[in-house]
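Shown next, in structure tokens, is the structure this report addresses.
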Amino acid sequence: MPETNFFTDVDALAAAIPDGTKLAIFKDSGVPMAAAKALVRRQAKGLHLVTIPTAGMIVDMLIGAGCVDIVETSGVSLGEFGPAREFANAVKAGKVKIMDSTCPAIYSGLQAAEKGVPFMPMRGLIGSDILKNRDDYAVIDNPLAKDDPIVVVPAIRPDIALIHVALADRFGNLWIGRQTELKVMAHAAKGTFATAEKIIDTNIMEDERLASASIPSLYVNGIAPAPRGAWPLEMPGQYDVDRDEMENYAKLSGSGDGFQTWITDRVFAKSVAAE
Amino acid sequence: MPETNFFTDVDALAAAIPDGTKLAIFKDSGVPMAAAKALVRRQAKGLHLVTIPTAGMIVDMLIGAGCVDIVETSGVSLGEFGPAREFANAVKAGKVKIMDSTCPAIYSGLQAAEKGVPFMPMRGLIGSDILKNRDDYAVIDNPLAKDDPIVVVPAIRPDIALIHVALADRFGNLWIGRQTELKVMAHAAKGTFATAEKIIDTNIMEDERLASASIPSLYVNGIAPAPRGAWPLEMPGQYDVDRDEMENYAKLSGSGDGFQTWITDRVFAKSVAAE
Amino acid sequence: MNNCRPEELMISAIGDLLEDAAHIAVGVLSPIPGSAALLARARNGARVSIIGSTVPEFRTDGGIDLFDAAGQGRVDAFFLSGGQIDGAANINLTGIGTYPELDIRWSGAFGSAYLYFQVPKVILFRDEHSRRTLVKKVDFISAPGVSKKNVYRPGGPYALVTPLCVMMFDRIAGRFTLKSIHPGHSLEEIRDQTGFDFDCPNDVPDTATPDKDTLSLIRGDVARAIANPYPAFAAKMFGI
Amino acid sequence: MNNCRPEELMISAIGDLLEDAAHIAVGVLSPIPGSAALLARARNGARVSIIGSTVPEFRTDGGIDLFDAAGQGRVDAFFLSGGQIDGAANINLTGIGTYPELDIRWSGAFGSAYLYFQVPKVILFRDEHSRRTLVKKVDFISAPGVSKKNVYRPGGPYALVTPLCVMMFDRIAGRFTLKSIHPGHSLEEIRDQTGFDFDCPNDVPDTATPDKDTLSLIRGDVARAIANPYPAFAAKMFGI
């Protein structure tokens, strides 16, 4: 069982994520942007990113900054801000290995790891080029019926689930609200690192309103404080997406020098992270 | 999608559960005791009970009252109040068909139905007489590895999940608190009937504290009011187990006439339900 | 044609295809299908789930729950699109060229390779009707239009709606049939702009324009509701 | 032997077996193993999850979560019992006679047929040491003690604790070995009361009685903590 480490800041947390880590990142809020920028600052290499189940700016940035060898995903896009051009360029250039999937296959793989089973059956996929290009997927005959081909996907067991939450406590518990996928990630991963908007001294598990939407410390290996840790993305109930910052990223990314300028200004100039 | 029916009372709800229904019941609070007594009153027949994953008095009583043909369970016991003697007697007499399982196999079967897959792999079970006696389970070779036998259990899709909750609303939403298994049951079953301690006029889904621990009306076919609807079992935060009543049941059940007396007094004399 | 805009016509046309859908799910970045789902909600009381919405009445219990609900048969209609769509209703959300190092890389399949199989009524929507988007054969099948008989597939393609027309998909024949042409456009134009072969009855009607009530619903209830997930769309389209 | 009671000796003996377990799960109706787990918590800081407990520090996220945690390798120790336990560590929680219409029907297997495979250190506990409970061969294998080599089984039986002795289980040999005899009992008595054959070194020590610190922990912190899930046990045993 982990004794939860409390890191002084996101850079200390990023230092504890080794090169080559198989790292799971959730698509929605909270997106651990501050932690990802710290990974860029420490020039992490060879990451195997698993997006749960899709991703946006965070993965695009990590790829653009050269931190990533493999990206396992159902889709990478900046959403309403446009295509993820660092991602697209790296795939086209063969700089990252792409493992294309479809959302419920990634969820099923995580849920297999959560249950400690080596695979999970799932419907769909048969006849797609997604399936054709995934050597680790298989089509079997449903063993409980006749003439019923069905896909099995392997368990996805990330080394670390990296998440951002609104609230953590000094006992290592995390409050996740409605984002139940974060719980599946924590169960499936070997360990979980969390950044938190706020770390409180009272025990989340002893507050009934919070306890029913929480991840107990059993799963949590490390916590770092990160106020505005999802910025420029939103944190529901706390702050909205910073549209100017997103549009600026969308404009500069994918353009070589522009992206480098953005990285220098917005990642290495550390103070902006807390804007 | 169901338009949620609002029944006037538990008897109206029980009248909407046909004979022969494959009925899922959760082991813990809230145990829908009031609804089960209404099933006894309407002399329901041929039920296929699936206990999630074990059961106590509720299933013992339904079996003793002759409502049950099949019981699919990982264990039936009155816990600290002793063995479930109506259950044991009925199994010994061959009056009910027993489908013995183990807790995570029942959960896995439900989760298969929840995901719409025909089966789920699970570890364990190999070499047990549980497995030997379940023709509907199979052992297959893990298709993604070599020489790795693994059990597959079929999806369990109950006709109705019958649950008792603290709170429902007029829009058909249920608040379930920490009992996340109730959500899995509602997803897996074709439909869900709930009894509720209280039915409120405001929308559970619009209250953030409640929404993160709720079952939306999408899954809910019927709701009946049932204050003290788990009695004599406990309802966390509302009332404790009625030890005298439980000891009385434990004493009278399994003894033929004693059980009949209990049924007459405690089930058909309707007023006791609201004690 | 009354004075409805092209987007309003497509919203109305999709809405007409949704009449018997009790639960409609909408993905991200789908303002026109989303508006059509909200129209079906306003007209028929359909339940609408919008992936990623934070509005209590539209939000889901999360991604896993929505895919599971589709697996349970609890989602009646969904929308898909594609960088390429071909005549067998295959869709390509992945890219153009030879996989994996494509010439053009798009976002990826998202949930399509699953939902296309599970949801009974999948309506394909594409905002550009051209030989670039509607192709003879997609470069990459993110999700196939048809499956072999023994493949479990309660769902699949139902119709295709574009700025030019509505086509219906025949899952047995594996082909589209032109159903209606939007007012102001012609069969010749559609043939010219479509990269795949499709069936065409002798007499293809105009796509029905929304009646007064429908149009006021679109510009009223629907516009107000779509403004939360799609503020930019609502501002541009309806001025709110 | 100091003046500790038999139950306190068993709590202490089980506690000694739990020294390297960081996360111990306890099932329902297991007050003595439960107390031992709480002793390990007090002594070594072990995390203890008690199935069905409503106490925040002991409760799990529900049954599914606990079984999943065991599948993930996040549960180090668990306790099982049985109406019958045999010399190959097979346990029977189902009944006596010919299945399914048994002569005596017990509750059923609960989680045993899974957890016995998954949890590295499963300690068997039985409060009655007799030829009725410790049999040559169980009538029904609710969960098997050993598995074929190709069966995935990170867990299994580790020891057996009874009112007479502690036995250790050798998973390769598939046999129990007597480890210690509780003070006041003899090897002869154990042989007489045990229905199965077991290995026995020449010199079997007495089971260590709890030292003063351990005994005061048992009667203090442990007694207070066990009173919530097991009020009747705590009242009877510790007078609280």
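A, B, C and D label the chains in the order they appear, each numbered from 1.
In this section, a residue touches a chain if its C-beta (ideal position, glycine included) is under 8 Å from a C-beta of that chain, and two chains touch if they have at least 3 such contacts.
These figures come from a predicted structure and were not determined experimentally.
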Groups of chains joined by contact, in the absence of chain C: one piece
Euclidean distance of C-alpha centroids - chain C vs chain D, Å: 59
Inter-chain centre distance, chain B versus chain C - centres from mean C-alpha coordinates, in Å: 40
Any idea how many Å lie between the Cα centroids of chain B and chain D? 29
Residues touching two or more other chains, restricted to chain C: which are they? 61, 65, 67, 71, 118
Mark out which residues of chain A touch at least two other chains, giving numbers and ranges. 111, 115-117, 122-123, 148, 150, 178, 211
Hey, how would you classify the chain contact layout here, line, ring, star, complete or other? other
Check the chains against each other and report every pair that touches. A-B, A-C, A-D, B-C, B-D
Within the complex, chain B is touched by chain A residues 108, 111, 115-123, 136, 138, 140, 142-145, 148, 150, 152, 154, 177-178, 208-209, 211-213, 237
Under the touch definition given earlier, write down the residues of chain B that touch chain C in their complex. 1, 113-117, 183, 187-188, 203, 205-206, 211, 216, 218-219
Show me the residue ranges of chain C that touch chain B in the complex, using the header's touch definition. 22-23, 47, 56-57, 61, 65, 67-74, 118
So in the complex, the part of chain D that touches chain B is made up of which residues? 28-29, 52, 54, 61-65, 67, 71, 93-95, 99-118, 140-144, 146-148, 150-152, 232
Chain B to chain D touching residues, read off their complex: 27-28, 53-54, 73-77, 79-80, 83-84, 87-88, 91-94, 97-98, 100-105, 107, 111, 122-131, 133, 147-150, 178-181, 184, 236
